[in-house]
Every structure is written in structure tokens, then in C-alpha cells.
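Two complexes are shown next, each including subunit A; its partner changes from subunit B in the first to subunit C in the second.
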Partner chain A sequence: MILQAVEVERTTEPNVRQTVLKLEHVTKKFGGLVAVSDFNVDLKEGELLGLIGPNGAGKTTIFNLITHVIPVTEGKIEFYGKDITKLSTDRIIKLGIARTFQNIRLFSNMSVKENIMTAFHVHLKSDLFTAVAFLPKYREEEEFIQQKTWELMKEVGIEHLADHKSSSLPYGLQRKLEIARALATSPKLLLLDEPAAGMNPDETLELNQLILRIRERYKLTVIVIEHDMKVIMNISERIIVLDHGVTIAEGTPSEIQQNPLVIKAYLGVGDEDA
Partner chain B sequence: MKRSTRVLLSLMLIIVIYIFVYFSELHMDPFIKRILNTGLIYAILAVSLNLINGFTGQFSLGHAGFMAIGAYTSALLYMSPETKMSNFFMIPLISPLDRIQIPFFWALIIGGLMAAGAGFIVGAPCLRVRGDYLAIVTYGFSEIIRSLFNNLQNITNGPLGLKGLPTYTNLWWTVSWTIVTIIVIKRIVDSSYGRALKAIRDDEVAAENLGINLFKHKVLAFVVGAFFAGVAGGLLGSLLMTIDPNSFSILFTYQIIMIILLGGLGNITGSVVVGIGFAFLMEWLRFVEMPMHIFGIEIPGILGMRMLIFSVLLMLTILFFRQGIFGQREFSWEGVAKLFQKRKVKE
Partner chain C sequence: MGWSLFMQHLVNAISLGFVFGLVAVGYALVYGVVKLVNFAHGDVFMMAAYFMFYASVLFGFPWLAAVIFGVVMTALLGVGIEKVAYRPLRKYPRINSLVSSIGMSFLLQNFAVVVFGGIQRSFPVPEMMRKTIILGEVRIQAVSIYTIVFSILMVLLLTFILQKTKIGLAMRILSTDFDTARLMGINVDNTISFTFALGSALAAVSAVFYALRYPQIFPFMGQYPGSRAFIAAVVGGIGSIKGALIGGFLLGMLTVLLPAAFPEYSGYREALIFALLVIVLVFKPNGLFGQEAGEKA
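Let's look at the complex of A and B:
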């Protein structure tokens, strides 16, 4: 029901892009600390939004609010016109939002392949009995999962490591595995939390291409949190800058680079201005 | 190796096991047979607890409670009305139960279902807490069951327990239930549902952010685990011919936990082998509780020395074999095939 409602209203005209995600006056308070204050965004289909800001600006908190890892204090979150503010995390993921984590969260005791296969569970149609009895319906689904997993591993270039333990992978590949795992839930909106952290320049360049490629291939709308300006300035169409939970700037990469408020937040300015 | 080959080999193994059971029932020493039965019941308990503790990572100490529910439910259903009469001489058994007698198989199933129901009722509120807290809450549950059974005299006969239970349990029953338990739990673990359970064990936050409903899957593990614990309780009751609430104390749960730790958390092969081995070792180690003469010094028999040895064994395992004796190695036909190939190469 819910999924159908989402499908129905997709417009075909390229000019009138549909709103994927809408955050209205979203505020999060941890006791007296305002982590996110009156955050607004209207994200159109296929857009790639960058979210930047100094440490502790509330970027990751916004991701946590979108997927309801923590509840919002005030405000409203809509996904394809549906209010998801109060939905549980697993329901939200099922609707088509996927994310990766700043501090990689792989299933360390499982193989690379299994990590990705796990992500298909959310759309599994067979019930427990069908799965345990290994009935044809489940067998088909399992085959489908295997095949799709293989495709995703190829997509990010880790197919040769399929049976390795996920924790044995080098850092950069773990990040890629996490992206592949997120893609396995067949999302419409992908939230990437510092995907380039800990990567060398070559890997970062490759990651840029990967993000752009998967956005194209899987028709994704993407939000990226990143500290690495080479990533954010190259790939995002629009950037929102946060500082202490407050949105201080919004615009295209070139606009952001010239914005005095952003420079101040990042570099700090002498006392006479403060 | 093809799936059909594996299934065929497994079927052959099962037939071989049943042939063994047939001859054992005819010729085996009753004492050994009894230990083997106990060992197989331990195996059922260990495999089912492994689903909760090992695969889903929810440290539960409530297994003895589920067992008690299964043991009492089935015993009250398969005992004959006459035996019940002679048992409940203090306070009579409540109405429909004192006249009912159903076949052993159905009694076991209903016992298992009752335990599964308890697993659901306990699981629902308990699973809101994690880690050590879950261990405490489930331990509390198992103590509540014990205390309830001690006081519900018109149903359980209180601390007097039930005596003179008919001995239905034999190798046919225990072997069959062990096989069913292994197949069902192995299948769950290998399916997409099993991957979800293991994901919860490895990282709850990541699992939830992949759309896995934590609550639903944890309850699933509890319900399935409790069902088999209930069945094992029913089998044990009929094997020992007597049950009382205090035999299902926390000590019993500790034994099962010891078995799964020794065999390896999340290792079915380990649970089965160590479960059966544990029963034999428990009997064999009886001599340490006898009075002994060592180098001319007379040591009086100390009750509970066996458990001390097991404690040492457990500590050694934790110190030197973190992952248990079997670690991640599961029995598989591929593994057996490899073993043979290696032999051939050597020749």
C-alpha cells in the first residue's frame, strides 16, 4: 500500500522534478543542547546535495533524524509526500532510504557476500516457513539475491573478495562494501556519511566516480556529508553548510566557496568581527 | 558439491543413524543408553539456546524456565489419570487436567508450544533491554517460573514434584528430535532470516538501518529456541521419570551455556558434540566425588567436584580457545570430501 502510494505520483516531465525528501523546521534538542535548529530542505529527484560543516555541526544528527535512529524534537520529515517523522527505522528503510555510517558499521563476523545479502532481507517476500522448508518460492528469491549481490560487488569492484571476512578488508574497500550494502536495499534516496574519510587521493577520485555512476544507474537522489572539499565541491549540485546546528549558507559550490559566513565558520575570524 | 548430493548424503547418514538406534535399543547397555539419551537432550537444548545466544547474540539465561514449562505441560498431558491421582494426594489436580491423557508425541508438541508461547510473552517485554540487562531479566523469568511451579500446587503438585512418569523417552525419540532440531535451526540460520539474526548479533544499529525489524527477529529467535527447549524438557521428564520445580534451576541453564561456550557460540556441530560428550563426561567424572587415596592422603568425597572440573575446563576454553573447541568450523559434506581428498594425495 505504502509503496504503491509512493510510485503513483512520479512525474515524467524532466522540468518538474518531484520532491523526494522534505524537511520542515526540523529541530533536535539533546537536553539543553540544540543539535539541529530549524533545518529545512527540499530535495528534488536525482539531486546530489552536499552537507558540510565543522565538527559537531549536526550533520550526522540530520541523517539519524531522517532514518529515525533518534526522534525529532520538532518539525516534519516527508519522503515522496508521505510523512515519515514517526515511522520506525525499518519501515523508513523499506520505503527506500538507505545510509552508510561515518564509523563503518559492517557485520564483522560475516563475509563480504553475506554482508550484502543481508540487506536484501528487507524486501524478502517468503515467510519463515517457506524459507525453512526451502520451497521453490524461497529458492527463487535466494537465487535472485545471489545474482544481485554479485552484480553489486562488481559495481563497486570487490567481487574478488566475496568470501573474505568483511573485517579483513582494507579501509577504502570497507567503505565501498558499505555503499554496496546500502544499495542492496534498493533505495531511492541514499545518505552517505563521510564516504571519503580515511581514503587516499586516488581512492577519493575513484569514489567520486562511483557516487556519480551509481546515482545515474540506480536513479538515486543522494545526500553526502563530507569533510573532503575535493569530493563535495566536485560532485554536489547544491551545498548546505551547518554550524552549531544552524544552517548558515545554501547554494552552488562556487557560491559557497565565496560565502564569508562559511569561511568564518571554517577558518574562524579575529575578535573584531565576532 | 551439488545440493542434491548433499541432501542424499545427509539422508544416508540419517538412515545409518537410525540403524544404529535400532541395534542400540536391542543390545545396548541400559546405563549407556540412558547417558546417550541425556546427551541428546543436552544437544537439543544447546542447539536451541545457540540460536538465541550464539546466532542472534541475545544473552538469555531463561532456558531452564522454558524447559520447565515444556516438561510440566507434557507430563500433565501424557500421565495416566491413575498416576496423577496418586501424585496429587495433598491438593487434587484441577479439573480437566486430571482426566486427560494424550499420546506422548502430541504432549511434547503442546509442551513445546506452551514454552514457545512463554518465549513470546517473555520476549516481548524483555527484548527492550540489551546485553547484561537481558541476561538479568531472563534469569528473573526462569526464577519466577520455578517459584510459580513451587506454589501452584493444584497444577504442578508444588515442591513435591511429579513422580512415576511413564518412560516413553528412548533413543528413537531423542534421536528424532535432535535431528529435527538441527535441521530446523540449521535451515533458519542459513536462510535470509538467519542472516538477519546474525546481522543483529554483529551490529544492531546497522541491522536496523538495513530495514531489519529488530524486535520481530529477536522474538522469532526466542520463540523457536523456547519451543525446542520445551520439547527437550518433555523428553527429559519422561527419561528421569520424575520432575520437580527445583531441578530446573539456574544451574541447569549454566550447564547448557557451558556446552555452547565449549562447542563455540554459533556453532551447531559444537553444540551437538559437546552436548553428548558432556553427558558422558558427567558420568565418567563421578569418581572424583568418591573418597580417594592420593599419596597416602585420604580425601573425603566432595559433592560437586565434577562441576569444579567443568569450571576449570570452561576457563581454559575462554583463555585459550576463545571461539570454543570448534570455533567457526561446522560439519559439512564438503569438509568430509576434502578430508578424503587429502588422504588420497598423501598416499
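Let's look at the complex of A and C:
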């Protein structure tokens, strides 16, 4: 019922990829400060886009604009051809966009399991009255949620911690839980904001695999914001580089690594990691 | 005090406890979700009594229909107050909404004086509520029994809504974090409207039983139970549903049982009650269930 929604619209031939997200001339000003200036992107189904840039470049702002946490100043945002620029956040989420946060925002007083179940429940069909009547549909949905929650916990490898308080998990696992919770809203587009922050190299490697795996399994289109070049360069098909809100480069990882503007603005001298 | 007299006082105390408790739950619900002490809550309670009064006396609704009409109208009033007085202020510091709620309280009281008149009116009390049940030597007011039974039903219904339904879950999520709630696909405005509807409906139900107990209604009748319930919510741990209920219960019990136990000091009733509550807060500064404030229920 919930994850099945993702299957819809997947019938197009693989070589004619549909546009999932389109941002046209998107600009955000905070007073006199231009946080994002004339940002454009045309994201195809199944694509994995990396968004990089120094601190304050406007990367998270773009996520906030897509999910309408803050309104755009100018420009237009389309999701599967539908103008979502002025839609409220909850409507956008229901259309199939999910995100995680740079600073983890779990429901800290709930268990791991409850955090994920919560995200499922929002899509529940049951209203007050079907629940009161204990109609079979309500039961069915409850069972469905239990089962899917379990699947998602296994997917990210936290099923053994199902009943632990989410705040008691180590940082890396909290990030994974946040990804699982985002998946529970059955997104078509997943926005990951610095998923590798605070992870050790092993965890980061595992995270790379996780991102690629869930993209395949849930047929996702993904945008990743990341400072860790090992993540960005390894998993992205395309990268957009921002600096002070301005798009300074766009291309494949190898193109980006050789772009003199990027090297100057972001990678700097002596970043052998990249 | 004999055993039968004690039983009479006890039933009376429990029923008043439930009345305060239900009003206190209204404070706790709203505080839990939007972190606002809604000072107009007691006046919403008063409006409920007038809605029922006019439906019954002026429009001739049967008693039960008048009550249902009153509950629905009060719920709508609560939603309207939030839309007009609190929602536009939501993005500003919380103190603004607080002041707005105090203003709303005065507005409702004065509206009632102008439109309904300042004189006391007799709330219609149906025959079945006037009865006295006699069990051996114990004489119990029927209204007390009805109050207890219906209050328990309301609490069960509320628990069910909060724990088992989608909107209840949305309320619980909203009480922890608005922004994340939005990103779980929750419509924040609708959920807050529902919270006010629910809190106001509970106030209306308790207003029925309060008015059956003290059948004179007047524009300032909400002040006493309103401030009582607010204190109950704080003693219970503001934001906690369980705390509000128990706080209200405690307050209702003390209100009835203290003067019954010490009739010679009944003039000091208020002083004694509040002294006890101050002592509770000295030892439990967050209220009895304050540590659960984030979790509710």
C-alpha cells in the first residue's frame, strides 16, 4: 500500500528517463544576503546528484527550499512535472520527497522502532472511525506497518536495536535510523544532508553501499550534500558545486576534480583525499 | 464524621475532581502541542454553558441535544480562537500568544456580559440529574455518578485518540518537534486546530457537569474552575495529560474533603489547599509528572 506507491510511474523505458525534479532560476534572499542565486537543476529518474561547496554555500538552503521549509524568493520548483513551489511541506512530503538532516532530528524520546513506525503512520488511511470500529483495514495496516518497519530496520542494519531509545544509539546508527525513517514515508526523491558526518571511514564505506543499495531497491532518485569527498566522488553520477549561493561548476566527478574554479573555491591546495 | 457521611463526601469529591481534571486536560493538551498556556480556556468553558443554556431555553432543544450542540459549538469556538488569536502569532515569541490569550479571556467575558447579560441564569437540570440515590444510609447525588461515569468515558476516549489514531499520533509528534513533524507529512495547522477542538470539547463536557452541580451560570463563571484547572495542570506537570488529570483530581478532592474533615476551618479552605499545592511544588518543582512533559499521556 505504501511502498507500492513507489512502483507507479516506473513503467517508462529505462533510456527515456523522466525528469523527477526541476529547479528553474531558484533564488533565495535573506534580507540583503543572497543565499542561493539562480540555481538550476534537471534531475532524471534514478539519478544520484552530489551537492558540494564550502560552508555557507547554500546547500542545505536548497533542501529547505525543495521541501518548502522556507519559501523561495524567485524561481520555480517542479516535481514530476507538477509545480510544488507553493505547496505546503506536508503536501510535498506526501507527493514523495523525504529528507534527512545535517544535525540529526530523531524523536529522541521514542524507540528506534517507533521512530520508523511514526513515519509510516502519517500515510495511514485509517481515520478515527475505522480505528474505533477495529475494522479489518485498520488491523491490516497495522500489520503491514510492523512488517515494513522491520524490513527497513534490517535494510539499514539496526533491527537488533528496535526497542532502544533512539537517543541512545551511536551517531552513525542514528544517521542510518534517520535514513530508514525517511524511507518509511515512501519517497521517490531522497535528500540526504551530510549523511557521513561524524562517521568513521569504515562506517562511511558502509554508508556508500547503503545509499547505492536503497536507491536500487526503492527506485529512488537521490541528492546528497556531503563534505566527505570519498562519499561524493564515489557514488555521485553528477556533481553541482556551489559557492556563496552561486553554481560554479557542474559535471561528472572526474570533471569536477579537474575544474580549476572548483579547486580554487573548494578543494583548495593539498586536498589529496579528493 | 460517620462512614456514610464520608462516602457521600468522597463521591462528591471524586466527581468534582473529574470536572477540574477534564478542564486541566484541556490546558495540558494545548500546552503539550503548542507550548501555550491558554488563559482563555476557562472562558471557553463558560461559553459552553451559555451555548447549552440558549439551545435549551431559547431554542427549545431537548436537553441532550442542547448538550451535544454546546459541545460542538465550543469545539468550533476553540478552533476559531486559535485561528484568530494564536495562529498569526505563532512565529513570534511565545509571550505574545500568552498575552493574546489573556486578551481573549477578557474579550469573551465582556462579550458574555454585553450579549448574554450580567445576571445569573438558571442552567436547565433534567429530572434524572436531580435524583438522589440512597444506598442504605448513604445518599448520593445522581449527578455525581453521571459525572464520574462520563468523565471516565471521556478519559478513555482521549487516551484512545492520542494512542491509536493518526491524528493522535500527529499530536504526539508535534509536541516534540514542529519542523520534523512537517517532514513526516503532518499538516501542522490542521493538527493544532484539532487539538484546540478536542481541548475545548473536554471543557464543554466538564462545563455541563459543573453547571449541573452549580446551576447558576454567569459571564465570570469560568474564572474559578479555569484558574483551578490551570493550577492543577501545573501541579500535575504542565503538558502531561496524566498529570493534569491527577492534579485536577487532587484539587477537587481537597476542595470537598478539607472543609468536610475540618468544618471549623472551612473559612481557610483556599489557604489550606494552596499551602498544600505550594508544598507539592517545593518538592516536585516540575509538577508530579513534569519529567514526562515531552511525552504526554
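Observations on the structure shown:
Following the convention adopted for this analysis, the second predicted complex is superposed on the first by the 252 of 274 C-alpha atoms of A that agree within 3 Å, B and C clash if a C-alpha of one lies under 4 Å from a C-alpha of the other, contacts with A are read in each partner's own complex, and residues count from 1 in each chain.
The working rule: contacts are C-beta pairs under 8 Å (C-beta built on N, C-alpha and C of every residue); 3 or more make two chains touch, one makes a residue touch a chain.
It should be emphasised that the depicted structure is a prediction, and the values quoted were computed from it without experimental measurement.
Superposition of the two structures on subunit A leads subunit B and subunit C into a clash.
Of the two partner chains, subunit B and subunit C are each touched by A:118.
Contact with both subunit B and subunit C is seen for A:69 once the two complexes are overlaid on the shared chain.
Contacts of A:218 after superposition: neither subunit B nor subunit C is touched.
Touch criterion met: A:105 reaches subunit B and subunit C at once. A count of residues in subunit A touched by subunit B and by subunit C gives the higher number to B. In the superposition on chain A, A:90 makes contact with both subunit B and subunit C. Look at A:150: by the touch rule set out above, it reaches neither subunit B nor subunit C. Once the two complexes are overlaid on the shared chain, A:185 sits against subunit B and subunit C alike.
Shared contact residues on subunit A (touching subunit B in one structure, subunit C in the other): 67, 69, 88-90, 93-94, 98-99, 101, 105, 107-109, 118-119, 121-124, 126, 128, 131-132, 181, 185. Against subunit A, the residues of subunit B that register as touching in their complex are 184, 187-188, 191-193, 195-196, 198-199, 201-203, 205-214, 220. On the subunit C side of its complex with subunit A, the touching residues are 160-161, 164-167, 169-170, 173, 176-177, 179-180, 182-188, 294-295.
Residues of subunit A that touch subunit B in their complex: 67, 69, 88-90, 93-94, 98-99, 101, 105-110, 114, 117-124, 126, 128, 131-134, 138, 141-142, 145, 181-182, 184-185. Interface residues of subunit A facing subunit C in the complex, by the touch rule stated above, are 67, 69, 88-90, 93-94, 98-99, 101, 105, 107-109, 118-119, 121-124, 126-128, 131-132, 181, 185.
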